[in-house]
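Here you go, one structure.
Going by the order they are written in, the chains are A, B, C, D, E and F; count residues from 1 in each one.
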Amino acid sequence: MILADIYQLWSSAWPAGLTMLGLGSGFAVVLLIASIKLKVEIDPKIEQIHGALPNVDCGACGFAGCGQYAKAVSENPEFLGKCAPGGPETASKIALILNLQISDSGPPERPIVHCRANTADKTLYGKYKGIESCTAANSLANVQACKFGCLGFGDCTRACQFDALEMVDGLATVNYEKCTGCGACSRACPRNLIEMVPFAHEHMMTVACSNKETGKTARSMCKVGCIGCGLCAKKADTFSIEENLAHLDYKKYQPTEDTETAINKCPTCVIIYVGKSAPPPRQPAKKTAAAKT
Amino acid sequence: MDTLNILLVGFISIVIVNNLVFTKFLGICPYLGVSGRIDMAFGMGMAVTFVVTLSGTLTWLIDHLILMKMGLEVTRYVCFILVIAGAVQLVEMYIRKFFPSLYESFGIFLPLITTNCAILGLCLFINLWGIDNLLEAVVLSFGAGIGFTMAICIMAGIRENLNMADVPESLKGAPITLITAGLLTLAFMGFAGMIR
Amino acid sequence: MSKIRYFIKQSWLLILSSFCFGLLLAIANAAWYPRILQNEKEKLNKLIVGLVSDANDFQIVIEDVNIPGERGKIIKTDIYKVRNAEGKTAGFAFVGIGSGFADKIKLVITIDSKCEKFLGFDVLSSNETPGFGDKIKEKEFRTQFKGIVAGNLEIIKAGEAKNGKVMAISGATVSSESVVKIFNIYIDKITQKIQEAGLD
Amino acid sequence: MKLETKGRFSFRGGVHPPESKSLTDEIPIQPGPAVKEVGIMLSQHIGAVCQPLVRKGNMVQAGQKIGDSDAFVSAPVHSPITGKVKEIALRSHAIIGRSKAIIIEAYDYNPTKRSYCKIDDDFDENNYSAEKICDSVRQAGIVGMGGAGFPTRVKIEPNPRLPKDTLIINGCECEPYITCDYRLMLEYTRQIIAGVKLARKASGCSRTFICIEDNKPKAIEAMNEAVESFGGGIQVVPIKTKYPQGGERQLISALLKRYVPTGGIPPMIGVVVLNVATAAAIAEAVVADLPLTHRVVTVTGEGVARPGNFYVPIGTSVAELIQFSGGLKEDAVRVILGGPMMGIAIADLTKPITKTVGAIIALTEKQIGGAKFAGRQTPCLRCGRCLEVCPENLNPTKIAHAVKHNLLDVAENNYINACIECGSCSYVCPANIEVSGHIRTGKMLLARQKKKIPD
Amino acid sequence: MRNTENEMEETRFENITVAPAPHISRPVWTYQVMTDVIIGLVPAMAFAGYYFRIHALILIGTCVISCIVTEWICNLILKRPNSLGDFSAVVTGIILALSLPPGLPVWAAVIGSAFSIAVGKMVFGGLGSNIFNPAMAGRAFLAASFGMMMTSWTVPATINPAMPEISAVNKIDARTQATPLAWSKMAIKRKEPADVVNEQLKAMLMGEVGGCLGETSAIALLIGGLYLLIRKTINFHIPLAVLTSTFVFAGVVYLINPQAYIQPHAHLLSGGMLLCTFFIATDPVTAPLTRRGMWIFGAGVGTITMLIRVVGGYPEGVMYSILLMNAVTPLIDRLCRRTPAGGKPSV
Amino acid sequence: MTTKTTEGPILGQTFIAGLWRENPVFRLLLGMCPTLAVTAAVKPALTMGLSVIFVLVCSNIVVSLMRNLLKPHLRILMFTLTISTFVTIADLFLRAFQPVMSERLGPYVPLIIVNCIIICRAEACASKNGLVVSIVDAVGMGIGFTLALCVLAGVRELLSTGMIFEAKVMPAWFVPWAAMSMPVGAFITLGLLLGLVNKLTKGKS
């Protein structure tokens, strides 16, 4: 009985099975031939590299997106390590794909905002009533007295794809925990206040000011600005004064007692620590007094 | 004259009156996904048009010459999709090999098309409407592609404008695209009943 | 020879599975197809029973009647004979197709055994706009066709519905007209065929 | 022949802001304040910045060259007064923020309305060779006084690649409030004509037009008279009153129906455009050998007590000039260098004026308009008014909104760089959108982007 | 507070502000533009009130109020500043009301207004961001939802003093009158002469025919349109293009068969054509920006309207043609991109 | 491969992911066509959802089993072949046992073949993972899909007919909004729902 049933089923089913068999093998033949005859050599490496990239298309590498960068690195390994958000991890992955040794590219770069004036510290000339953008405000001369300092409209915070920059009381403040060092902020700042600095240490010392005015003018413009007095340069030789402004040589920088003295001696407290778990900046005496009243 | 009339009416009907996207909900994924920029949208539209014409014709042939003759309607879906998938893959390989520049501009859409309902949907609708004339099947398939291209290009145009609008944050992207699509179908109801 | 072997090596899975899947399909089909046919028949049956009150069974009496449709197309249809419990002819039924507002409309139309009066119609499938055209499915509209003289019908929007006149659904004249058009396209040829075949 | 003072020439687009010139147009040019100190910016022009030629503590003479540069596109600066160099320090600059300036302490400066250099009736420009004219112009540090400050010598010097045939003197003064050019045309008519002739000689142009908007019939008349008696081959053309008629691209298209190519400059179609003040300066430089050290500045607006036109040394601070004209009124809320349509609002009034500053305007909230002042905006209606008024035939709203949403490529595709920043679009916008402000921002962002991308 | 202890004190002024140029602006604001449109609509509203009495009042009031309330609620939900001050919601409300049949129940008008503002406008970001004309989007939604109610036309009170009572359920009965376009459509279908319509021309001018609140009186709409043109609130391109294309299309079919098709000027005067021409097609937000674009847009509106009227499924096509052209407006704008006065820059 | 100890939580996560975090409709925007087409009422939506679950599970099983045997040039073909077979079976089943629903769903049942979710899961999950994970993933995704469909269909059915699951819920005076059963209703309801989902999840991501 069962056999008969099976036979019946089979007899009604075989044409379908066979047709499908025919169709299947037909396509198999065609596609096999096609896959051999029409083979195009594409570099699987590029795809692999693309896969290894963070795919945020931030442009930190200087190319228009991760895809372009992947192509560029595969052709020219010189570009290795340009992807800041990916960091050394990605670089080594790419190096592995390309069978390369990565050269030691030094400490990672992180942005430093060269200004430390909050809203209350700055002298303003007039109220700005224009477009809420630093670029727009910067094109109007002297919204705030200091032509060098942070305008506080947040072009940099908008440029950061990683939410690592915040406007804190009128001053761009980097969250070094989130920052990937892509440098987008530094490119966005119309006043070139944000410098990408190799962070050899967990936190770095810096002169958080860009004001090149003479001391007296600088003081009239900002409570916390560098007045170019030169005390720091006297205390530690990693400091130098150029155009009324103190500079720190980051390459030479080592936390020593000298630098510690310099930071403590600075009359406007414009030398501060930045970076992960940086100690809070010293507050100028006047400022704390002013804050109380 | 009659055939020409039928073909013309069929073509207009499938391009605007019975547009696959607006009235039959076909090909919505690429319609939402690839309509961000007009050039991309147009590329996708062209790719769909090409493939849908090809597969509409092929499946009609297979359906009428093999399946219906042999009473194998049960394997219809399998055969249709095999034809489509195979054809797409073949075309992709071919274009990639011989027309690299063309491939750069619209070949990247081809793999996506296998999973585009518009293609299989059209083949099924051609069967459902009982189209018994090869020429008509070809024209309808082509028209379906053109209709899709039109829909996706209109959407892309709108979305390019929406980039510069203050769309509320949570509605940005797919939600506003869907709502726009809804209003578009409302607008296209204007053509309903135009061709009977 | 090696080519074939290479081919088999590359493609055996596809070939094998297409064969297996083919069988699977065929088996499923064999198992369920009768039921599917049954379903279709039942649906028709149910509709006809709803239209011809004393219908008991029905069968196809004339196959493939050629109806000249729109734009010179030929539509094929079958004529069913409906019998009551006593085995007498209660009427005839056929399936009519025509374009509606949105898509094709498919109707079952019944006519009495003398081909004098329509016994009514029901909608097999339609895709009319909900709230508008799909009101052709509703009783108010359909009852108008019950007992109406089998001949050319006319749709009107106002006035009295009698003598072959049917009141359109307000706001869906197009769909109403489509229904009437289907009646009008089919009726001559169907009565002619029935009379030719001498069935009643 | 009756004098035609109705302008027939015009361009497409433009706006008609209230002219507000009656505050100062009847007031003759007066000597400015007795300044104690001037700040001479080392960058008062387009092109290379000058290097100081003096040091702190040096004594300088009026007219002495105190800054220069070797670059071709540049112009030297001179001290307008006799005095001592107090320091070389940063001062507010309207465009670049802070810039180096030479601060000179005046040594007994006595303001005068300088008697204009005598132009005799038998003045003949052929007494001066083209080279001599160009040289004098350069030595005198003359730059365009119409606003942009492009070194005039570069403009008028013959260039074999781009031969010039038409010289247009721009006396339109289309911006509201400003009257410095107008007064100049009334009071220094002959000097201007002489300057025009010299410029024509230097540049080798065959046709010369002096274009004046038809809302200044007196200037047209005066110029016409002077031309008839004195200036052969010069034509005075009344032009329709409309802002920005004075923009050189608009002026050329209105007058000659020729269009300066987008992104191009007038010499590409053989045209030179000079401001009337520039022409006057040329005459001074060539005939009297005087450098460009003073200029006429209109101090006006409802926010100043005694508006007027003043002849002042370059380097005078804005505050001093305002003080001199009675000081700011209580309700003055904005101080503008230049006209209200294109001028730059400043807040640091210690800023010294430069060669290109023709007006200082103080406005009260009423003139600015309540909604505008408060910055109340509604969304863009796409009403298209900005498109209609744009003299460059752009799509301002599209560009502005692209910039606002950071779609710089869209902005570029809509020709953002063709915008002349005339501000007509912002002026008409019923939604009060800072259309031209966004566009300017976009231009800067694009420029930055271009600079940063390695290629 | 500011630092006041330095030498700059004497030259700083407390109330000085800085902003980008220009520092003056033409004193015409958005709300004034919208007010103009409202004024332009007054004649149409007055005629509507005359012919449909209390119905007109109720409908216009309902639509305006519910549009305003919806916008207010949407702003609350989306946490946006109040935007009622620009009056665009009022315009939307009035235009929606004028495009509704007089006997529409109040609740339906509320749904339509809410859809107009919420889905037609606010989800896109409010004034200026919407792609489709909100009023037409709302009307289309109503037409799709409550088709019966949207196609039954009350007879003007001047013909039938016993206006139907306001009721929740709209009864379709002998008191409704076919609109001229419904006659026309029937004539086309039946291939009968359309004389009824041609005879009604005078009534159409005055508005003594069935139809939506605001589409009945051609004169009122013309007056309003003229006002807007004179005030330069709208410019003439779109209206002219719409009227011309309609006239040409209608003229051609009329010449082909003067029996079945109504006269071209009857097409111009009937239905929502004039309302559309002067008030709806000209909505700046949803129309192209460039002049060339406006010509194309207007011609498209006219042609599609006529296409729907003559061969389409509905007697009236204005609403759909507006929505369809709204949809392609971005493409039109792209097509008609302006070139700078100095030509395209050579790169 | 996953070890025994971690398998439990991973399976749980895979399952939950499909329900919410990676919900195919609300988060991944996959399979939009059936989502929009069959959600005029809850019943067809549910039928559709169940069919999808069936096909998804079956095809994930088969693909997972043969994942190591696939040749690159035949990969897509194998997927579609497998999927279409099961879809045909589902279709036959519906036609045999649920004729009304089958008719209602019309061509959208066969269109499950090209439903992006299924191919996506075959690619992303089944061809990389073992049998168990694949099945769990399929069930999770399928249920997530079905739930989304039902929510959408519930809203639309309620407004377009005043009923839910064909039972009257709205009061008698309610006049149905026919537009909600038309394409407009589908698109706009889904759009607004997506907006709502975005709003709800914004804080959490």
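Here, contacts are C-beta pairs under 8 Å (C-beta built on N, C-alpha and C of every residue); 3 or more make two chains touch, one makes a residue touch a chain.
Please read these numbers as outputs of a predicted model, since none were measured by experiment.
Following the contact convention of this document, B, C, D, F is the list of chains adjacent to both chain A and chain E. Least step count on the touch graph, chain A to chain B: 1. Between the Cα centres of chain A and chain D there is a gap of 42 Å.
Measuring from the averaged C-alpha position of chain D to that of chain F gives a distance of 69 Å. Averaged C-alpha coordinates put the centre of chain B at 30 Å from the centre of chain C. Shared interface positions of chain B, i.e. residues touching 2 or more other chains, are given as 23, 74-75, 78, 82, 86, 89, 166, 168, 171, 176, 179, 182-183, 186, 189, 192-193.
Across the assembly, chain A contributes 15-16, 19-20, 23-24, 27-28, 31-32, 34-35, 124-126, 129-131, 136, 139-140, 142-143, 145 as residues in contact with two or more other chains.
The residues of chain C that reach two or more other chains are 10-11, 14, 17-18, 21-22, 25-26, 28-29, 33, 101, 129, 131-132, 174, listed in rising order.
Chains touching one another form the pairs A-B, A-C, A-D, A-E, A-F, B-C, B-D, B-E, B-F, C-E, C-F, D-E, E-F.
Against chain A, in their complex, chain D makes its touches with residues 89-90, 92-98, 344-348, 351, 373, 375, 406, 434, 437-438, 440-441, 444-445, 448, 452-454.
Interface residues of chain E facing chain A in the complex, by the touch rule stated above, are 2-3, 6-8, 12-13, 16-20. Only residues 10-11, 13-14, 17-18, 21, 24-25, 28-29, 32-33, 35-36, 39-40, 43, 125, 129-132 of chain C touch chain F when the two sit together in their complex. On chain F, the positions that touch chain B within their shared complex are 29-34, 36-37, 73, 76-77, 80-81, 83-85, 87-88, 91-92, 106-107, 110-111, 113-116, 119, 179, 182-188, 190-192, 194-196, 198-199, 202.
In the complex of the two chains, the chain E residues touching chain D come out as 8, 10-13, 15-33, 83, 86, 125-129, 284-285, 287, 289-290, 333, 337-346.
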